[in-house]
Amino acid sequence: MIDADLLEFFPNPAPDQPYLIEHVHEEFTSVCPKTGHPDFGEVVIRYRPGEACVELKSLKIYFQGFRDAGIFYEAVTNRVADDLHEAMKPRTLEVETRWRGRGGIRSVITATRGEAG
Amino acid sequence: MIDADLLEFFPNPAPDQPYLIEHVHEEFTSVCPKTGHPDFGEVVIRYRPGEACVELKSLKIYFQGFRDAGIFYEAVTNRVADDLHEAMKPRTLEVETRWRGRGGIRSVITATRGEAG
Amino acid sequence: MIDADLLEFFPNPAPDQPYLIEHVHEEFTSVCPKTGHPDFGEVVIRYRPGEACVELKSLKIYFQGFRDAGIFYEAVTNRVADDLHEAMKPRTLEVETRWRGRGGIRSVITATRGEAG
Amino acid sequence: MIDADLLEFFPNPAPDQPYLIEHVHEEFTSVCPKTGHPDFGEVVIRYRPGEACVELKSLKIYFQGFRDAGIFYEAVTNRVADDLHEAMKPRTLEVETRWRGRGGIRSVITATRGEAG
Amino acid sequence: MIDADLLEFFPNPAPDQPYLIEHVHEEFTSVCPKTGHPDFGEVVIRYRPGEACVELKSLKIYFQGFRDAGIFYEAVTNRVADDLHEAMKPRTLEVETRWRGRGGIRSVITATRGEAG
Amino acid sequence: MIDADLLEFFPNPAPDQPYLIEHVHEEFTSVCPKTGHPDFGEVVIRYRPGEACVELKSLKIYFQGFRDAGIFYEAVTNRVADDLHEAMKPRTLEVETRWRGRGGIRSVITATRGEAG
Amino acid sequence: MIDADLLEFFPNPAPDQPYLIEHVHEEFTSVCPKTGHPDFGEVVIRYRPGEACVELKSLKIYFQGFRDAGIFYEAVTNRVADDLHEAMKPRTLEVETRWRGRGGIRSVITATRGEAG
Amino acid sequence: MIDADLLEFFPNPAPDQPYLIEHVHEEFTSVCPKTGHPDFGEVVIRYRPGEACVELKSLKIYFQGFRDAGIFYEAVTNRVADDLHEAMKPRTLEVETRWRGRGGIRSVITATRGEAG
Amino acid sequence: MIDADLLEFFPNPAPDQPYLIEHVHEEFTSVCPKTGHPDFGEVVIRYRPGEACVELKSLKIYFQGFRDAGIFYEAVTNRVADDLHEAMKPRTLEVETRWRGRGGIRSVITATRGEAG
Amino acid sequence: MIDADLLEFFPNPAPDQPYLIEHVHEEFTSVCPKTGHPDFGEVVIRYRPGEACVELKSLKIYFQGFRDAGIFYEAVTNRVADDLHEAMKPRTLEVETRWRGRGGIRSVITATRGEAG
C-alpha cells in the first residue's frame, strides 16, 4: 500500500548550503491498471534539502508500497513528487521515472515541485 | 494507413503541474517513396501535457499505420507533430525521428510545435 | 511474399578455400501470427560457401518478402535456413535471428544446416 | 503462486533440426525468504526443443507467479529448470538467473538439465 | 571532382516550421595535400531548412567527389558549408567534420553559416 | 581520523588565469554510522584555484582518513567541501560524491562553495 | 580480522544437479603490506556446490574481515580459496580477484581448487 | 593498383617462437564492381611468422592500392590472403574483412591459409 | 626540450568565419617533478583561428618536447595555452589535459585564453 | 636502459597451486627505431608462477627502461618474454603487447614461453 507515512527524515547537516542530493532507485515495480501486468522501472529523486533529508531505508520501504498498486506511469511520478514535497519541504525537487519498454515503447516522465535544477 | 483518429487520450492526472513526458518508439518503419524500400527508425515524442495524455497502446497502433506508407523522413516528422498537436493540445511538443543509415548516411529530424524544451 | 526464387548467387571466387562469410541484416520485420502485431529483429547468416555465394541485394529483397508474413520466430529461422541451404549448397550454414523484446522477453533462435562453425 | 500448469506449448516446427532457442526475461522479481525484501533479476532459458516449444506469453505469466513467492536464488533456478524440463522434454536445457546486487554482491546461478550447450 | 552542381534539392514539406535536420555521413575520404595519403572521417550536416531540403542520394554523390581531392581538413569543412549554404539558403547551417587520428592526433572541425544551434 | 591538516598545497602556477582543476578519487570508503557496514564511492573535486593548489598525494592521505569514520553521505560531502574551502580559498569549488548502491538505491551528492561552474 | 568461522552455509537445494553459482563482491578492500596504503578490488567466487551453499550475508561479513589486513593480492586469492574449499567442500571452486591499478598496473589473480570450469 | 610487390618484409626477430601478430587496418576502401560506389571497411591480419614479418608502412601502401579497384568483398579477402601467404610464408595466416552496412546488411569475411588459430 | 619555436602555422583558409578547431593528442607523456616517474595523458586543443592555424605534424613534435620535462599537470596545461596563444593569436583558445590515475586519483585541467566556447 | 636486473621477485605464497596471475601495464612507451617517433601501448603479462612471483613496483621500473629504447613491437614482446621467463622460471608465461595506431594500423603481438593458457 502506498503510504507516505513510511518515509523518515533526518536533519539536514548543512542547512545553509544549497547542495543537491540524487537518489536512483533501480528496482521499482508497480502494476498496470489497464492490463494487470507488472510494470518495471527506475525512480530518480533529485532535491536541494531544506530542513530535512529523506532516510534511504525508509525511502526503499516507501517505494515497495507501490508493488501491488494499479497505477499509471504519470500518476506514480506525480504521487512520489507530492508525497516527498509535502513531507520534506525541499528547496527544489525533481522526480524522474524511467520505464522499461512495453510494445516497443519505453517512457520517461519527469515532474518538478518548487523550482528544479 | 496513417490515421490520427486511432490515437486515444486520457485525462492528465496532474493538470496543474508542468511535467514532461517522453515516449521512445523503437520499432518504426515506413517506405521510401523514391526507391520503394522500407525505412527503419525510432520516433521520440516529448511533451508537456495540457488536458490530455496520449494512451500508449493507441500510439503504437497509430505508428503501425505508417508501415505501408510511402513518405519522406521530413514528412513523417511533421505529420506526427501535427497529428499529436492538433488532437492533444499539449503545452509543448517535440517530435524527433532517428533513421538508420542509407548509403552511409544516417539522419535525425526534430520538429517542435508550441515552445519545446 | 516469402519467395526463395528472389535469391541470386554468384560463383565462389575461392572455391578451394574453407572461408567464412557472415551477413548481418539489421532491419528484419515480420508479423506475429497470434497478435497481428509486427515483430522486429536481426537476421545473421554465417556460411562456408560451396560453389556459390549469395548476392547481397537479392538477399535484402528476399528478406523484405517476410514484411507481411504472419510467421513465428522459430519458423522464420528454419525457413531462412532451408531456403539458403537448398539453393546455395554451402559447406556449412548457420542462421541466427535476434528479436526485440515482447512483454519483457527477448529471444534468439539459432539453426544450423550441415555442420556449423 | 508458482504454477507450472500455466505454461503452454506449441509443436516444434522443425523437429528434425537440433536448433537452439534462447529467451531472456528481463523483469523477474521474487521475495527473499530471509529478509522479506523483493529480489530483482533476469531469467534466461536456452534449450534445444524436442516435440514442443514454450509459448512466450504463457512463459511470462508463469514467471509472474514468482512475484509473491519467498524463495532463494538457487531454488528459483532449479525450480524453473525442473518445471520446464518436465513439461517440455527438451533435448537440452539451461536456465541462468542473474540477480541484482545485495550488500555489494551480485550473483549468477546456472543449472542444466539433460546435456546443455 | 568536387562539384556543388551534383547536389539536388526538394521543396521543404513544412516551410513554416523551424525544424532541424541532421545527416551524418560516416564514409568520407579525401587526400592529404601534404603527404598524399588518404584521410578518413565523418561529415555531419545540421540545418534548419528554408525553401529547400537536400536530397540524400545526391548528397552522397557530392561527398564522393572529394575522394581524389587533395584538401586540408579546414578547407573541406568550409567548402561543404559554403556549397550547401549557397545552394540551399537554409535558415541555419552547421557542418562538423570528425577525422580519424594521424600521428596520435585526431581532429574535429565545426563551421557555421547563418546562426547555428 | 579525518584531519584537514593532512592537506598540503603548492602555489598556483598561473594565478592570473581562471582555469579549472578536477580530481576524481575513485577509491573512497567510509563507514555507515547507522549499520556499521562500509560505504564505497567516488569523490570528485572541481575548483578554480586562487593562490594555492592542493597536492595530490596529500589529498589521497586526507581521504584515507575517512576509512574508519562513521559518517553519512551528506556529511562527507559537506565536510570535504568545508575543509578544502577553508584551507585553499579557491575562486570556486564543487565537491561531488557518487556512492555505490545500497538496497537498490545509489546516490550522488553535490555541494558547492563560492560560485561553482 | 580474517576469520573463516564467520562463513555460514545452507543445504544445497538441488544436491543431485551439477549447477554453477557465481557471486561477485564489488567492494573488497585490504591493505598493502609493503606500503600500508589500501588496495581496492573485486572478488568473484564460482563454484559447483556439494552438500552446502554459502550464505550471502555471512560471505559479505567474512570479506569485511580483510579491511584492516596487510596482505598481498596473491595471498588474498589463495586464502579465500582455501577457506571456502575447506568449509564448503564444493565439487569445484574458482576464486578470481580483480585489483584496481597501482602505478599504471592493474592485476587479476585466479585460483582454483578441485577442478574448475 | 593492387600490387603485392609493394609489400616489404623484415627478418623475424624470434624465428624459433610460435608467436602471434595481429594488424588491424581501420581505413580500407575499395569500389563495388556492381554499383561503382565505394565500399568501406576494416582489414585484420593475424599470422604466426615464419622467416619474415611484414613491414607496417608497406602494408599500408599495399592496402591503398585497392582504393580504385572494383572488387567484391569475398575477392578482397582472398586476394589479401593469397598475396601475404605467398610472399611471407607464414606458419599460419588469417585475414578478416569487416564491411560497413549496405542496404541494412553488414558483412564479415574470414579466410585462412595454412592452419589458423 | 619544450620549445614553442617547433610549432608551425598555415594561413586560415576561412579567416572571416568563426569556426572551431579541435585537436585531441592521445599520446602525451611528461615526467612528475616530484617522483621522477612518467605521467601519461591526453591534451585537447580547441580554438577559433585568427590569421593562422597550427600545422598538425609540428604540433606533434612540439608535444614530444615534453617527454623528458619534469613538470606538474597544472604547469603543462598553462604552458601549452601560453605557447599557442602567443604564437597563433587565436580568437579563442581552450587547452584541456586529461591525466591517467595516480594513487587512485585521475585529473583533468582546463585553461582558457581569450574567451573560450 | 632495458635491464632485466631491475626485476625483483618474492616467493610464491601458494607454490602447490596452479593459479594464474595477470598484470596489465597500461602506460608503456618506447621509440620506433625506424622513424624515431615514440610508440605507445599496453603490455599484459599472464603467468602461472613456479617458485617466484614478480614484484609490481620493480616490474614498473623495468618497463620504464624501454622509454628511450629504439625497438620494434615484435622485439619488445619477445624481449619481455625472455627476461621474465629466464628470471622467474614460471610454469607458463604469455606476454601480449597492444599498440596504438600508426598510419591507420594498430597491432597486437602475443608471445608465449613454456605452454600458455
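Note that the chains take the letters A, B, C, D, E, F, G, H, I and J in the order they are written out, and that residue 1 is the start of every chain.
By our rule, a residue touches a chain if its C-beta (ideal position, glycine included) is under 8 Å from a C-beta of that chain, and two chains touch if they have at least 3 such contacts.
Chain identities (UniProt): A, B, C, D, E, F, G, H, I, J = NADPH-dependent 7-cyano-7-deazaguanine reductase.
In this text, all values refer to a predicted model and were calculated from it rather than measured experimentally.
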Shared chain contacts [subunit G and subunit H, defined touch]: J
Between H-J and A-C, the pair with more C-beta contacts: H-J
Averaged-CA centre spacing for the pair subunit B and subunit A, given as whole angstrom: 28
Centre distance in Å when subunit D and subunit J are each reduced to the mean of their C-alpha atoms: 45
Distance from subunit H to subunit A - Cα centre to Cα centre, in angstrom: 56
Junction residues of subunit I - those touching two or more other chains: 26-27, 37, 40, 100-101, 103-104
Arrangement of touching chains [line / ring / star / complete / other]: other
Interfacial residue positions of subunit E with respect to subunit B in the complex: 10, 12-14, 17-27, 49, 53, 56-57, 59-60
Contacting residues of subunit D [partner subunit A, same complex]: 26-27, 29, 37-38, 40, 64, 67, 100
Of all residues in subunit G, those that touch subunit J in their complex: 72, 74-75, 77-78, 81, 101-113
Of all residues in subunit J, those that touch subunit E in their complex: 37, 40, 100-101, 103-104
